[in-house]
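Listed next: structures, encoded as structure tokens.
Below are two complexes that have chain A in common, paired first with chain B and then with chain C.
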Partner chain A sequence: MSAALLQILLNGAASGGVYALVALGYTLIFSVLGVINFAQGALFSLGGYLTFLLMGGRIGVNGALPGWHLPVALPFWMALLLAAIGAGVVALLVERVAFAPLRRRGADPLLSLITSLGAGVVLVNLLQILMGAEGYAFPAGAAALEGLPEALLIGGARIRTVQVVLLLISAGAVAALTVWLERSRTGQAMRAVAEDPTAARLMGIHSGAIVRLAFLLSGMLAGLGGGLIGLSVSLAGPYFGISFGLKGLAVLVLGGLGSVPGAIAGGLLMGLAEALIPSAASGWRDALAFAVLFAVLVLRPSGLLGRRLQEKV
Partner chain B sequence: MLRSGGLNTGSSDLLSARRRGSVRLAGAVAVAITGLAVLGRNSDPAGKPLPAAVTLGAAIALTGNANLYGQDQRVGLELAQRWFASTPHPRPVRLELEDGASDEPSAIAAFNLLIGRGVIALIGPTLSQQAFAADPIAQRQGVPVVAPSNTAQGIPQIGSFISRVSAQSSVIAPLSLDEALERDPQISRVAVFFAQDDAYSTAETAIFQKALAERGLTPVSVQRTQLADNDFQNPITAALQQKPQLVVISAQAVDGGNLIRQLRELGYRGQIVVGNGLNTPNIYPICQRWCDGVLIAQAYSPDLNTPINQTFRRLFQDANGNRTPGQITAQAWTAYQVLFEALQRLQKRGEMDGVTLGEARRRLMQEVLAGHYDTPLGPIHFRADGEVVQGRFYVAEVTMEANGRHGSFRLVRSFDVDSDAGGPTP
Partner chain C sequence: MPDNGLLVQMILGALLGLSVYLPMAAGQLSLATPAFYAVGGTLAALMATHADHQGTISLGAVLWEMVVAGALTAALATLVGLPVLRLRGIYLAIATIALVEIVRVAILNLPFTGGATGIFGIPQPFHHPLGYITLSGGLLALCGWAFQRLETSRLGRAMAAIRDDELATRCMGINTTRVKLSAFVASAVLAGVTGVIAAHYLNTWNARQGSFDVAITTLAFVILGGSRSWLGPVIGGLLLTALPELLRPVGDLRLVLFGLVILLGPVFFPQGLITPALLEKLGRWKLRRLKP
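Our next item is the complex of A and B:
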């Protein structure tokens, strides 16, 4: 394989892995509730900021409490885990305020798009009030990667070490989630609710608890993604998660709504599509990536690995 | 009962009833429009007497992608307001901040809001792209605008009420290239990166590329990025295949900071020249130790040894834990200072007594353009078209501390520039 082709594959995999992680969060909720949680991007941002604070990071001069910091300074990996849990808890709160009331009233699921969007905007603005507008970066060496070179040369292609780490963790999280969904009793219950909520309820599955679990896990995935991106490229203001959220949404549709393997395939395809753009046309990267999305949806409206919905009469 | 949706109902009574209804509706609309026009005329603050305490309105980006700059500007404006309020002055001045966000519609809305509230002059908006949309509104209503950070070509030429304290990038951008070429005269391969979805960055890269051409250098790679990008693996690896010896970046603080970091991580060791978008200490936490050595041309140097700059620097450090102020903050202070001093001069001459707000705005604009100001940027004055004339510019090198968390723009060289004549002289 030529170095140029390998470089493209590595570039595509590096960004595609993160897209897949974000898309998985959407997938979990969509499969259970049939709705999209537009607050996912804000939870992504939240995960990054929580990781920063748990590592002992100080709030900048434009924040509400300039110079304030938590009385702890945890190692990156522990901070990342706790931040993911924190983002999961906030996702539960989003479910409680933006989704549950509409569900109880039997409202059109489309309305939850707006309420979740509202919850996301509130979250991002709260982050901005608390943390200020400035960018934050984790200290160099935060992830104990100091002993490693900054970039790895693989077959003539170059990739940043931190991106390899990020890719491995994303792959690990996706694999763990897949195994859990397939093998564990709760995972199977979640799939049952996704398949047919009424039948699942008749089988004694507490669908409310499953919905909350889906939100907790999707929030954790978003939090994990935000912390990892913070390690790789810094936290570029409270809005940084929104762009990842949008890309994750595109990947969700590309892979097939509600399909876990589809989210992974969609993420990698989107990453590769972006990486394939020649340097002279780099300005068209997003346009081409979304053209791929368009083309796939025209050929397969249910996405790469999504199931065709059948209307029963 | 079903209602007919067709055109022909077949009933002449119904048709005439509809006609009568339409006439009544048209009459009501006409009365409402006339009423609103009368009310609008009466509520136009330009015709009212100038209040005792005049208000300066600032529409800056407190939210959105450009809020990094807007927050720096807020600090500069508030410091200036407190400082000048503590000095003896005949006419009290208030400052009203409004979020102009980071897009054109928000800047327009903020301008309209502040003008409607009766501000005597406006400071802002943050981005040149916003200025092209919002400044014509102030121009049409005769409200002076002093832009603190718009450096794109053509801003003062929007109209006679528009001026700026931020020197246009065509004057200062090439200075850092000269510094890089002097450090390494063997440079022949240059890679250029710019944010293609940002009007300022695209204008600035054109200036950089023209300056490169004038120095006999053709870019071996031109990479287009976007403001929202944060992963630059693709464009960087493509550019590095061309083995550049110099990289020139026109971007904003966050995307540019990440770009620098990733360039270094992917093995680029040559010189990096950046444009005005990265002219803020906010890049330090983003590119950290990788910022070290980056060259930038500036319109402000914290090392300028004048009483007003010492005061500005001391006040900034007192309020911000010993940090060093950046150009954006200094320019915001300067915009406030220009308007404040022009106002006080008019007041001392009695030219603000018994006039309407509209007339006061017109006189203030003339006075702004006529004055000379000793500011943290150095001495400045204005050309008749509102363009700032600044005598001295600087090239700085980013120097990061060993921990990689804090840094400063270390002054490398200053250039005396005769803006009216054109070229800079070191």
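Our next item is the complex of A and C:
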């Protein structure tokens, strides 16, 4: 394999890992509730900004408190972890306000699409008021990578160290989640609720708690993704998570709604496909995900690894 | 009291609300309205700026643009609708979001649509907002009449039947694909024609006019106004377009409040503001006034 191609593939896999994080967040909620949480993109933004603030980053001149910063300056790793937990807690709040009241009433699931969008709009605009619309870059050497070179040479391919870190963390998170879902008792309970909520409740599974857990984990995945993208690229304004949220949606469909391996494979595939677009046509890159999504929906609506839908009459 | 300019935007909002409502009346959650709105607006911007109009344009030329935009969006909607309308529920919604994003990126990157800045100096057919109010208000009145007729027509009843039970409707011998496609195409044409008016009124047009945000807002028009009768999206479009302007005094908080309305609206008004019960009450009240 030529070094140039390897380089493209590694970069693609790194961004694909983040797409997989977002898509897994959608998948967790979709599999237990059958709905899509459109606030996911806003939680992604939130994760990025929380990481920045926890690292002791200062609010810019357009923010509500110019120059203010948290009295702490945590190392990146700890900030990322706390930011992910913070985003998870906010996701719990979103569940409480946007999903729970509708579910209690047995309302049309379509309505939760609107309410979660509303929650996302509120979150993003609160971020905008607090932080201003400007972009933020993480301080240099943020991830304690000073000891490491700026770029690594892997098999002749040059890849930024940050990208490798990105890939490793998202791969680790995805693997941990998969093993947890597969092996742990709670993970099995979650899969049981996804399979058949009524039967799960009859087996003594507290489905309300499982739903909240799904929201917590999904928010954490989004927050993790936001912090990682903030590190590897920058925080390009409070809306930056929305485009990742939309792409995660494309990945979700590509892999098949509700399928965990599908979300991972779809994310990697999408990252690789985007990396293969020549830089001359980079303006069209954002359309690729949606063109693929469109084609998949039309040709194979159940996704690449999804189960075929069967309609019972 | 809103000024004339806001009134034009409110009417355009109501028209977009109706465009989202049409497929929904046939049980299809489509978010494609901003895509066709963007196509109509871009077409008008290109047609009007390429011909040399010296800043003004005749009403006839604008009406011709509306005809061309209607034809183009109808063709596009037929092409897209045939495969897409086989999808249901959330899948259809996601597919149409994809369509919106594809159109947005295309307008952003095509060599002749002005890139990120868009197209400037679109000539005006009217020198006063009153002209736009007449044009868009006329279109809205026409739509109101057509939607009222639709509810008692064969097509309208077929749409309502599909909304309640698609399979049963097909068993009754109704060509459900044709009915759904008709609703989808009509929705696209309405969005495209609205885009033409908006492009002239705004004087400038760019890819942001048809973004995912617009899909959210227009869907909110229908959900909050009420999706059970055409009056719902009209009221929703008028009110929700005015809301951010009325909230201008609170400054940066207005978008937060707008989000709260979308977030809490379906929780407190699950059927929207205009509910079937309200319409029935209104009908009885009218009946009483007619027969004293």
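In this section, the second predicted complex is superposed on the first by the 291 of 313 C-alpha atoms of A that agree within 3 Å, B and C clash if a C-alpha of one lies under 4 Å from a C-alpha of the other, contacts with A are read in each partner's own complex, and residues count from 1 in each chain.
Just so it is clear, a contact is a pair of C-beta atoms (placed from the backbone, for glycine too) under 8 Å apart; a residue touches a chain by one contact, two chains touch by 3 or more.
Bear in mind the structure is a predicted one, so any value in this text is a computation, not a measurement.
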| item | value |
| --- | --- |
| Which of chain B and chain C A:A250 touches, first, second, both or neither | second |
| First (chain B), second (chain C), both or neither touched by A:D286 | both |
| Chain B versus chain C as contact partner of A:Q128, first or second or both or neither | both |
| Touching partner for A:R105 - first (chain B), second (chain C), both, neither | second |
| Partner chain in contact with A:T198 - chain B first, chain C second, else both or neither | neither |
| First, second, both or neither for A:F294, with chain B first and chain C second | second |
| Touching partner for A:I36 - first (chain B), second (chain C), both, neither | second |
| Set intersection of chain A contacts, chain C complex versus chain B complex | 125, 128, 283, 286 |
| Residue numbers on chain A that touch chain C, as the complex places them | 35-36, 97-98, 101-102, 105, 107, 109-111, 113-115, 117-123, 125-126, 128-129, 242, 246, 249-250, 253, 257, 283-284, 286-287, 289-291, 293-294, 297-298, 301, 313 |
| Residue ranges of chain B in contact with chain A within the complex | 62-65, 67-68, 70-71, 75, 196, 221-226, 228, 230-231, 233-235, 237-241, 253-255, 257-258, 261-262, 264-267, 282, 285-289, 320-321, 323, 403-405 |
| Sites on chain C touched by chain A in the complex | 29, 83-84, 86-87, 89-91, 93-95, 97-99, 101-102, 105-106, 108-109, 167, 212, 216, 219-220, 223, 252-253, 255-256, 258-267, 270 |
| Chain A residues within the chain B interface of the complex | 4, 7, 11, 14-15, 60-62, 66-67, 125, 128, 132-137, 139-140, 150-151, 157-160, 162-163, 229, 232-234, 236-237, 239-240, 243, 274-275, 277-280, 282-283, 285-286 |
